[in-house]
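Letters A, B, C and D mark the chains in the order given here, with residues in each chain numbered from 1 onward.
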Amino acid sequence: MGAVGEQPGVVVDLEKRHWHEECGVFGVWGCENASQLTYYALYALQHRGQESAGIATVEDGRLHHHRGLGLVAEVFGPEDLERLRGRAAVGHVRYSTTGANKLANAQPMVFDLHQGHLALAHNGNLVNAGLLRRRLEEQGSIFQSTNDTEVVAHLIARRPGGMVEAVTDSLQTVQGAYAFVFLTGDCLIAARDPQGLRPMALGRLGEGWVVASETCAFDTIGAVFVRDIEPGELLVIDDGGVRSARFAPRAKKALCTFEYIYFARPDSDIDGRNVHVVRKALGKRLALEAPAEADVVIGVPDSSISAAIGYAEATGIPYEIGLIKNKYIGRTFIQPSQALRERGVQLKLNAVRKVVEGKRVVMVDDSIVRGTTSRRIVQLLREAGAREVHVRISSPPVRFPCYYGIDTSAREELMAARLTVAEMREAIGADSLAFLSEEGMLEALGAGPEAAFGGHEFCNACFHGRYPTRLYEDLGKNVMETVGERGGRP
Amino acid sequence: MGAVGEQPGVVVDLEKRHWHEECGVFGVWGCENASQLTYYALYALQHRGQESAGIATVEDGRLHHHRGLGLVAEVFGPEDLERLRGRAAVGHVRYSTTGANKLANAQPMVFDLHQGHLALAHNGNLVNAGLLRRRLEEQGSIFQSTNDTEVVAHLIARRPGGMVEAVTDSLQTVQGAYAFVFLTGDCLIAARDPQGLRPMALGRLGEGWVVASETCAFDTIGAVFVRDIEPGELLVIDDGGVRSARFAPRAKKALCTFEYIYFARPDSDIDGRNVHVVRKALGKRLALEAPAEADVVIGVPDSSISAAIGYAEATGIPYEIGLIKNKYIGRTFIQPSQALRERGVQLKLNAVRKVVEGKRVVMVDDSIVRGTTSRRIVQLLREAGAREVHVRISSPPVRFPCYYGIDTSAREELMAARLTVAEMREAIGADSLAFLSEEGMLEALGAGPEAAFGGHEFCNACFHGRYPTRLYEDLGKNVMETVGERGGRP
Amino acid sequence: MGAVGEQPGVVVDLEKRHWHEECGVFGVWGCENASQLTYYALYALQHRGQESAGIATVEDGRLHHHRGLGLVAEVFGPEDLERLRGRAAVGHVRYSTTGANKLANAQPMVFDLHQGHLALAHNGNLVNAGLLRRRLEEQGSIFQSTNDTEVVAHLIARRPGGMVEAVTDSLQTVQGAYAFVFLTGDCLIAARDPQGLRPMALGRLGEGWVVASETCAFDTIGAVFVRDIEPGELLVIDDGGVRSARFAPRAKKALCTFEYIYFARPDSDIDGRNVHVVRKALGKRLALEAPAEADVVIGVPDSSISAAIGYAEATGIPYEIGLIKNKYIGRTFIQPSQALRERGVQLKLNAVRKVVEGKRVVMVDDSIVRGTTSRRIVQLLREAGAREVHVRISSPPVRFPCYYGIDTSAREELMAARLTVAEMREAIGADSLAFLSEEGMLEALGAGPEAAFGGHEFCNACFHGRYPTRLYEDLGKNVMETVGERGGRP
Amino acid sequence: MGAVGEQPGVVVDLEKRHWHEECGVFGVWGCENASQLTYYALYALQHRGQESAGIATVEDGRLHHHRGLGLVAEVFGPEDLERLRGRAAVGHVRYSTTGANKLANAQPMVFDLHQGHLALAHNGNLVNAGLLRRRLEEQGSIFQSTNDTEVVAHLIARRPGGMVEAVTDSLQTVQGAYAFVFLTGDCLIAARDPQGLRPMALGRLGEGWVVASETCAFDTIGAVFVRDIEPGELLVIDDGGVRSARFAPRAKKALCTFEYIYFARPDSDIDGRNVHVVRKALGKRLALEAPAEADVVIGVPDSSISAAIGYAEATGIPYEIGLIKNKYIGRTFIQPSQALRERGVQLKLNAVRKVVEGKRVVMVDDSIVRGTTSRRIVQLLREAGAREVHVRISSPPVRFPCYYGIDTSAREELMAARLTVAEMREAIGADSLAFLSEEGMLEALGAGPEAAFGGHEFCNACFHGRYPTRLYEDLGKNVMETVGERGGRP
């Protein structure tokens, strides 16, 4: 949800959130005030999860930890950070992809294993977690949460030998999208899934080391970016430095495209690309593919502002602020009743009448999921006097569910899975509607033909239905029905 | 703090806040769910005060009220709104200009007078409050807060006769900048100060009426703007409709210019002008007065984005997102220690390296108060690789304190009161620095020669030191020292 | 509410509470850690009020204060006591006699007057408070609470001259039962009402001085009892020592008898008598007046245990523990539904079956107000197998309302005002019922003929209807109806 | 801690608590409002644990649960009980014998096993818990608490087959003192340890069944006592009724004597004896063994009041209330600093001067552990003017640690393990000191020669060092040193 001068706010677009979601992880080894550094790093990653936050530190081989529901600033008080002593830490902000939003599911999770203490933070979704859990429970393991992260801990607990070996072994058993950070009494371990679906980077802070889901966390604490962690790579960081190992063979990368389109902060660089720059390029390419006769270009805040600026720059139509978003809605905000909504109470967005009145408006948005939000915004602009509303989407139509970060996997909820673009235009009430082509998107991303790009690729399964990993039967029936038509399934 | 697609965030620019500050008031008469409507209206006005919030309603002549420290969403739960029954309400969000930030100072304040129950919400600062309070205390009045609002209640309490007459009389005694909303068992009373320093507008909602500091509150609840309240005008709203009266003679308007420059939401219209449109005009005019040889134009989020877009449009230099602001800092956020700050922890703003690296950057900001923030941002941009940084300010230099919404009135804290523009440029480390001229500002505001503009004027005392009201001795010694040089003092 | 080894618990007998109630006050001057000392003193006085607690201290002429709803231990944290710096303090625990149980009514109340800062704690009830408040409001005073204590502050505020003079003057205007402690920047002022209806004592603590509603507070903090404060006496305590003055002529004492019968802690001494010793004497006297053929004597915990021991000692019948009281019910305890109560859920008291089964039981209680509690306990004992239940009350029948500490003044709620003793026995289901005679009570109290006792007397108005002060019309209509039959009204 | 009309207060005697401690458990099957009934039952058992409370219910095979730190009334709100739907429940109040006082250790603990959902509440201490835990961890089990209760859940989880069989099997593996209540989707299971060290009783409530640590819980909710659960007995309660099974051979009972001496509520009956009646008998027997020349008999509240009454009755010396205990200290109470304590601040007990001044006092207490409390009370009585203080203890000297409910197992902390009675008298400053003999205690308990009593016996290991179960090496080193001298060890 990058923005013009903005990171995603407390008010997330729930429509998109429910369709595709991630968390934020951070780890540090070998720095004084590790808990404070982690606090500020999590604050920089807050847009990746506002439901819970947690930090675990290690001091003389013992773990301290604290976690709670809410924003980073709500969960931690000065006395908590004070208590979290030590020179190494792992932190997590969470949006629940799986598991209910309750404290037991907050991360990092902390375990006492026969190998020693272990704190564990995870960004991702394991597609075979249900299967593994059932098997472990039959063997007598007791789970304390509904979080798929815990499966990994139980796999480790049942392995003999040392912690690093047990972690490496266990990662070969789980499948899906993930970035893990493990903290033990002796070392920090960071691992990225074999396809590289989820991002994670390594940085240097003084004599110590840091890892994070996004580089904006490095900037916030004054750390220097070193490199992205490779797909299937496991880093073991201790006082001796960083050791790299592979737990999966080198494969084509398949980073989730939506990190660029919608999710990451505009000031972050992921796998070599800056998010804002990519978004602006998507907007420019969209202008070439789908120009419009119009007076002003506006973006839907926050994540579509960069694309709107790109669209305006490529077309020469002035860029304007036509929609204002209120960021103050927090967890405890009271939603208006149906009666009040019908009488006109509208909280999140407000159209700037003086900007759109009597104008032909290009409204740039990053994606359409269910389509209800788009219809509402078009209506808002018309009520504020817009003469025409031309909707331009800076990504292709989303026609397939995501199995790597899902709340709802029902394909029928995706507007583009049910309707043609013409029907969608009709449904949202726009004067025209156009999506960026998949080719255009890849070109803007610089992916081009694979050879030209050093093997770099993306997971675009939600656009075309070809998934980069095996999918498991236990994802539920409504998934299974969808699966039949997927070409990419092994 | 208007913004590109943004209203001011929880993270306010404390440097500016401490220099000049306002509150938000709202009132409604004759509508079902008055407390809910007020809740959503206050939420729209949240940028005007994040320290406390409160609502009072009237039901069968009895007042219910609830207030607390924090954001609207923190202060009210569903059961609070439920308990606040009635078809009329008054609400307030507060930033403390005078009086400590404690619950006793939160508004609306509620009083039992011999005339009946009274709830009172106030946006502004009374310059003779101290004088009046001392006199009232000597006569036996007991104050329960350090809030200057309470002075008005005591004045009313000591008047014989009915409530409306007592209110009218009392307003003739107080001086300063204010927008008052009074709620009694029988009516809602709204009053704007004789100079119109503070804004307030009237709206219609179904069969009922609303008043608010900014029109964005009307949009949020589906109300329709009717007109701005006149300086020195008092509206009495009851089931019979709206009656207008004057408690002060018709005078030249002197609306605070900073409502446009920095404070109001970009989607609000004040006294006939849209805030975003004004800001963009200020940016365009600034481009004419102070162009720059540069590669990109960036704005300091949130309030300077509109001006930056205007500057870019007028110069043809591309507008970019070069600074990202983190909005999640709340009341309870733990500030980094000096040691951590020195080691590079920087929370509020992050520069986008890929945007500014190797570039000549125009950085547009709305104002400079102490100058410390400006210096920090310039440094941030240089560290991110900017080749040149040209600072452009979309208002004139602030050289005089404000007595109508002050926390600190010490003139020596104002950078422009101490230094020349050349010295300021040196101090903030910019390659060049320019301010908008006062004439340019007035022209962009459309003020022009008075005749051409129907008598419309502004309070620009902070730029030139000529104050629109009498100032009182009890403002404190450091004020008095400043007063000597003021020309406008009666 | 004295007890065998027990002070009154969190679980107060609400039947008695609602009929007659008091608060606890404490003051200290000239001692280090004044807030801590007050905290422990209030803890010793906790039985006098569990609804709210508060402390104000003075440091360099400035007041600090903190108050809240709940028990002393709930209201204050270590950081609160830390913040309450100074060598003088005043504290209060409250049971609401008048004014709703809300924070605004918690004490000490703190005021800024033209004479200076003032903190005020009050145990009692002013019978002309309503009249005075109406008059003050008509003159423009604004009240912030519904507490009659605030009337005194407004009277003081309207007096010219210094604080001590204004306090002395104001006390001549109010009427009723009271013990006041005032804390100013310069001194501590303690005053007891002209009839001495409410107790207050003076103690010495190192170089400093303390005042308290009961002497158990002195024992708890290691202070030494000096003397009781006289009716109509005002003590001004500052660094120069204690000065005594009279604001009312010397009159016959009229201490409320219920301090001994029910309210005070058994280890406190009031006006020269120990509470436990008096209660035991009442029980012995009751044994002489109303013996019973029985196997065991039991007391209703907590306040009737001393009287039961006395009754057992005088009759030779063994004293036993036949009723157990659960003390853990706090403010937030969830009361059982009617359905659960009917199915046998009984929380407060439990009969010890092995003690009462097959026995003739004497059940000693201190008083009967509405009679519902007595009926319930008799039934409880019968269900546990008691063969006979003989109820003995260690005070005379309560037939008249109390105007000095009332929640309900309706005479018809008093069982003894409606029924004869025979009818009462029938109503509560006892085999026999007897009350202590008024003469017996006075004799046990050592009051005897006035001359023989140095003029010492008691307020027994609730037994005979002759009140020691004027009563005012504004006590409400149902009071007025009762008033007609009172002989003692001037 | 039985008392004259009193159950143990919030203020527990920490000296005794730390030496020997228990919890309270309750279960109900087949009753409407099961959560409410459990709430009130736990309230009756509150004296058995004030650190945490919890309830789990079952509805349609699914568990709901809620637990927290603090008193029952603090942990549960009406909405919690509302949410805890179902006709079966298990509840727990806890004093930490093992495991830190943190939420993770609060009970009932809830687990998802392959056999189904399981809630588990435990009163007791497993002597081989550490050993079993280490073995389970090595096999890959992950513990979420430091509570020994969790060991049982892991044992069950690793057993194949149904829940009841797995529970029965698992109980044959654990050793120590325990009363377990298990709640599953199908039934309630209650089990008492093979020695019957911990009490548990069965009751009937309408059509449903209840089990509880003490019968006072039955009285509170209107249930009828059926019988005590046998040592080594397991009850399975479901809609078909109650089935009894044995998981251990019939053995001699060894109920902990301290249940009678100190811990249980006076109105409870345990294994056929009423607690108050036993305590009074102990006092009478003590009077025969160790009479005193004295003027008054007083008891140390709360648990020694019954014994004091018995002592007084047997000697003819009047029983008096000589010590008052303040019950209001809660979890958050601020302890006085050392400086304040030295200056005389004493919170828990106050002597009644008028009762003890100039008198020869017999002070009856139930036991002496470290002796510090006894010394303090003797001093208190002397400062209040007691001429002589004769201490009489209603149990034998405690000379050996308890392994079934320990916080501290260091034998050197036990005063009677280090000193003779004469030295103890000297140490506590009494004029005389006497303990009840072991024979006298058994006689008062009605134990007599085993044949005469149907095989009923007690665990008196703390008096003589002969323990009824095997003790394990992993109890820690300081235990091991003590073990050498124990005769009873296998």
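By our rule, a contact is a pair of C-beta atoms (placed from the backbone, for glycine too) under 8 Å apart; a residue touches a chain by one contact, two chains touch by 3 or more.
Keep in mind the model is a prediction, meaning the values are calculated, not measured.
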Copies chain C and chain B - interface residue numbers shared by over half, same or different: same
Chain centre separation in whole Å, for chain C relative to chain B (CA means): 52
Computed distance of Cα centres, chain C from chain A, in Å: 63
Distance from the mean Cα position of chain B to that of chain A, given in whole angstrom: 36
Two or more partner chains touched - positions in chain D: none
Pairs of chains satisfying the touch condition: A-B, A-D, B-C, C-D
Complex contacts: residues of chain A adjacent to chain D: 111-114, 137-144, 153-154, 157-159
Complex interface listing, chain B residues touching chain A: 3-7, 9-10, 33, 36-37, 39-40, 43-44, 46, 71-74, 76-78, 81, 206, 216, 219-223, 265-267, 269, 274, 276-277, 299, 301-302, 305-306, 309, 313, 318-321, 323-330, 332-334, 336-337, 339-340, 343-347, 350-355
